[in-house]
């Protein structure tokens, strides 16, 4: 259990902090206003990426703050999960930072899938432009008509037909599908319902301009479309792609999906902890600046106790996430199921609690767009559902715990 | 402590339920979609009221389900606070019901102010069209630059100048100010900072088309502008109205504001309980309909325990609200401060808890617009801040409790 | 829903308060010390009732503050459940008050059983001396070897044999079995495992001096034996009593048990609310008297917010208990299952929360015998288990709630 | 942040686990029964140490599992705080283990004080027999008449008089003072109220047989005297000891006390986590063994979710404690104030929550002596008060957090 940050990780962290302070923070509040004007909710078919983001991407790339998530020395920074974790936390302070550093979900997970499981041709065609930040991608997993927390419910089919596979079905909460750069979907679907529970599904690469792919609508999360990053609903109707687009073979979907989730959950949780630190910082600043009944709000009622409880909760959750990251690095995600599920429950709930308190001390401003708190709230609230709701992860933890008593 | 609903209250309740079932529920989900198209967020200066609402208003008026909140036999239904309470709960099941029955905040409170404290001329000019549902009104209390939970912080001034009074300042969270029918603001401001703490403020009627009144923007609450009902920020710059527009006299503001709040909080809380019942109903329906791991979601994990806890919480909060309503009727709001503050803390928190659980069981749908849960969440969350944040009400309750020990 | 206390209830309440102030409070703290000396834990076979309690019983009886729980005009006070509820709350302020007023569990429930279901002979032999406070009784329900929250698990048997019935089994948490005046057990057991689920059990009167009845030990609850009132474990080995000792007939046990529980839970909950008020009062007194960091403890940190939350929680729980009592009076316990289960969950949890906070503000004194808080804590904690644990009552509430959706 | 257990720590841990499995667990439940018979509550002046404990002490000493807490290679095991932490957790599984391994509070803290600050003569006279397990000691800090969480309230005086110092005052919650081997008190008191806030107090060694030292009573905690280990109240009346008994000089008390608290809180928290694991283990065993409504209790309602939440809470709290231990080792306790206060709040609350849940699933057995849960509950509840109540630690954390914003 050595969570000591490596020298490389520390150096990247320091440079990230500088970049965010010098390049991102100064433009951020204006960006959000401009971006809302540029990308009105009603108009998602014409969403654009604000030019300032593209400029900052180039700056970040030039500074070598690029693809830090990828555990490959040449294509990425070659950092372990644990080394990357504190960097994800830094990025979590800002809602726009992840794309600027080409470390945005779901591209990171998709790039990992291509990196680990993609063919040479797939890497050349898709991984390369993704790593270059030229295109973006989505991941098609969750479906609107079934409880997707139970993967066996999945209704989308991926069926072989001659040299092709044919995809039929409907996915939603496909994050990033409205982004102007989105070109590729990695889609998971059912191939053989009679096969072993872990060999029924396949994963396939579907260019978004393929015939039969229809983006039906973008979905707001807590009232925000989060243009141009938000989530969409997409229909696949007799979508035909060559078999060469399969990742691995037919039936490999489940195995690939599992590998995808471990580091991804570390990234999500660390960004969420960065967001929690941001919300706590706003709590303190507002609490010191506003005066009520003759005192700074922080000095009133239970506010200082709440502050302490938030500090305790964040610090505990971070250590648990470091531990999960360390364990993934040491023994692999499949042997860290308890820890991965534990952070997936703990961290988003901590973020939700901290943001709720921060909203409260801001009064009316807290629920408006004047501070980014409702966006952070939506992040937390969605994260309690996405990648498996709290309840499913609690069930996993309980199952693993009971196993300890099986042999005894 | 007799909470038995009167025969009249029961009859109105039954008719309201029928009206909502027959007239409102069938059009509701389509209304929300249409209304979002009609009133895109970016365009608040051109917000409109959907024609269907105007039609339903006429139907409700024709059915005598109109102005039920007003404790006057001729102008309203002549119901006590306690008699009206269950009717407010019924209306709370739908976000559009209150306007349809001309029982929408802040108009109800403004009409009460005019009814109790307005001059004959003021009643003729403003109360009459408000009661007719022809115009709507706003209440200007909260300010952006100070902690408004401490009323002594108020910076807007209302100063006598010859036959006029002159208003300068800035208000926000002025609910309803973007509504196309909004014509009047009741504004509270500081008149004499040297006067006794309860005699410093005045309240004045300001037609929204008066020179110097500028609506600067509409404010989203949790990402929703809630067109055409939402909240705005408004600037008053040397706004001049005749002294005849004062409600009562200079210095009467605080006294009037206090009278306004008692029944208003009952209305808010009962509507919130109706909303909680709606959210619970959605929780149960989704939990029964969706299947995961071979069972309805309701049967999984702690869902049935959560259901029970929600039932307990709602029922307790409703009884407390009845009690507060009954006490207001019996001894007046000023002697029911503990109870009014207690429901103001308890009820919105119950609503937030229930809606959060209902969102969770809905998965992704829960945070989208496919169900009205995020709108109910915003209602709850805003209500924990509006009309005094939780913390201020807890302080009031503690103060009242300690008084019991003063003499002892 | 008329919770208005009747004139008779109010008068009794006032007289109870006076009696407690004048007779009980002055002797109480000394009583507890003396009683611990008189009844050392190790020595339960020789437990005695402190003479002062016997004196106060006579005074209470003389004052007519006696058997107030019994809804019979001649034998008791003839009060409804709702009328008695506030009296039980008053008694709950003191741990010794209930016996002094002959309103102590489980005697109250046992007297109700005899009153409603007992034969004339049973009433003469047992109800009379119980009403006179000359003897006391226990109720044998819970068993050590099975999850008694599921009544179908019950293992004790009550079997007819000629003119007798024979009882075999083991009960524990038989409250009051160590009391020197305890003479009678009402025992529930299995008669016919093949009968309909609600007709399997019987209830029988067993004098404690019958052959084969062995009190094996007294059980501490949170370290307290609560002499001479506490709980014991008792073995029934071929215990033979005449069939005339059956309450009703063989197979009537379940029906009788159900009738017993409704009012009994009101009594428990109202006493628990009295205890919560007592704990809150101690919280406030300590918080005002002790000085830390230059201020009364109450003014520090979140203490005033906690105070407000406790006031809200108690008031809500009390109203819910009034509502359950009112409903029992109006439509009977079997139609008030949701409400009875709801208070059974809500009230003990409120008491536990309030006592925990009160202990905390007392520091070390809080966990000692210098204040009665740990005894109140044990009351709360045991009450979350006795008469059905929280979880079973939540399941009942959920079941009743889902029934509303069955027909729809 | 390297929490990797050292090889030595791992070896000790393995041997401790074996010792506990082979020597302590088999005798434990019988020990508690015997010990209650041997040491009835009413009789504390004659408390004895059960012979089996003395035997096990010798075995542990012979096995080299002795004084593991002391960071000295010769006198103890020479382990760092972090290396010792997992050993303290193992000991926490049993209430009697700490004394058996000579690692019981407050002796550990007292030995540390003597080790770090004692004179050669003091070490010879007191540290030696303490390390040998021949005598035991108490620490006199908390006082009955003031809020001791504010150290400036301390009333006991330690005043120089010629070659002596004279002690007057009263202490309570002096842990271990009723133990037959208790021979020494380390007493803290006020020497110079005019001195700088951190130089007012002194610490002095007082043999318990000194004239003027009167143990007035033992104090139960949640009804348990915990013989022979519990807490007492002691009066110091003109107690005169030579100046050579001062630890350090007059005025050094505060400095010494601070040094004492860092590692001591790690020990307490790690033992508490061991206790939490024990309570969780009992929760699972009971939940698997008992059947209700046709299923193991664990499968009912929210029990598995609760299980998962407990696992998450314990794991987070352990990591935070490791972090605090590591920080103490790296930079000293004075620079780890946030972390030490954080675990002091987090861990006892986790233990209380876990024990409460475990009690609940045990039903009546849970509150009795048949399982050790109420003793663990008392441990948790007392720990939320001892060494500074939750509220004081939250205030410390908040203060430290705000300092980060001071310079900014």
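Should a chain be cited, it is by its letter among A, B, C and D, assigned in written order, with residues numbered from 1 in that chain.
Rule of thumb we're sticking to: contacts are C-beta pairs under 8 Å (C-beta built on N, C-alpha and C of every residue); 3 or more make two chains touch, one makes a residue touch a chain.
Bear in mind that the values here come from a model prediction, so they are computed numbers and not experimental data.
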{"item": "C-D against A-C, pair bridged by the larger set of C-beta contacts", "value": "C-D"}
{"item": "Maximum centroid distance from chain D, chain identifier (CA atoms)", "value": "B"}
{"item": "Cα-centroid distance, chain C relative to chain D, in whole angstrom", "value": "37"}
{"item": "Cα-centroid distance, chain A relative to chain C, in whole angstrom", "value": "54"}
{"item": "Residues of chain C whose C-beta touches two or more other chains", "value": "301-302, 304-305, 391, 394-395"}
{"item": "Footprint of chain D on chain C - complex, ascending", "value": "36-37, 40-42, 142, 144, 146-150, 153, 172-173, 219-224, 231, 290-293, 297, 300-303, 356, 359-360, 363-369, 374-375, 377-378, 381-382, 384-386, 389-391, 394-395"}
{"item": "Chain D-facing residues of chain B, complex", "value": "301-302, 304-306"}
{"item": "Interface residues, chain A side, partner chain D - complex", "value": "1-5, 284-285, 288, 298, 304-305, 307-309, 311-312, 315-317, 319-320, 322-323, 338-339, 341-342, 345-346, 391, 393-398, 401-402, 405"}
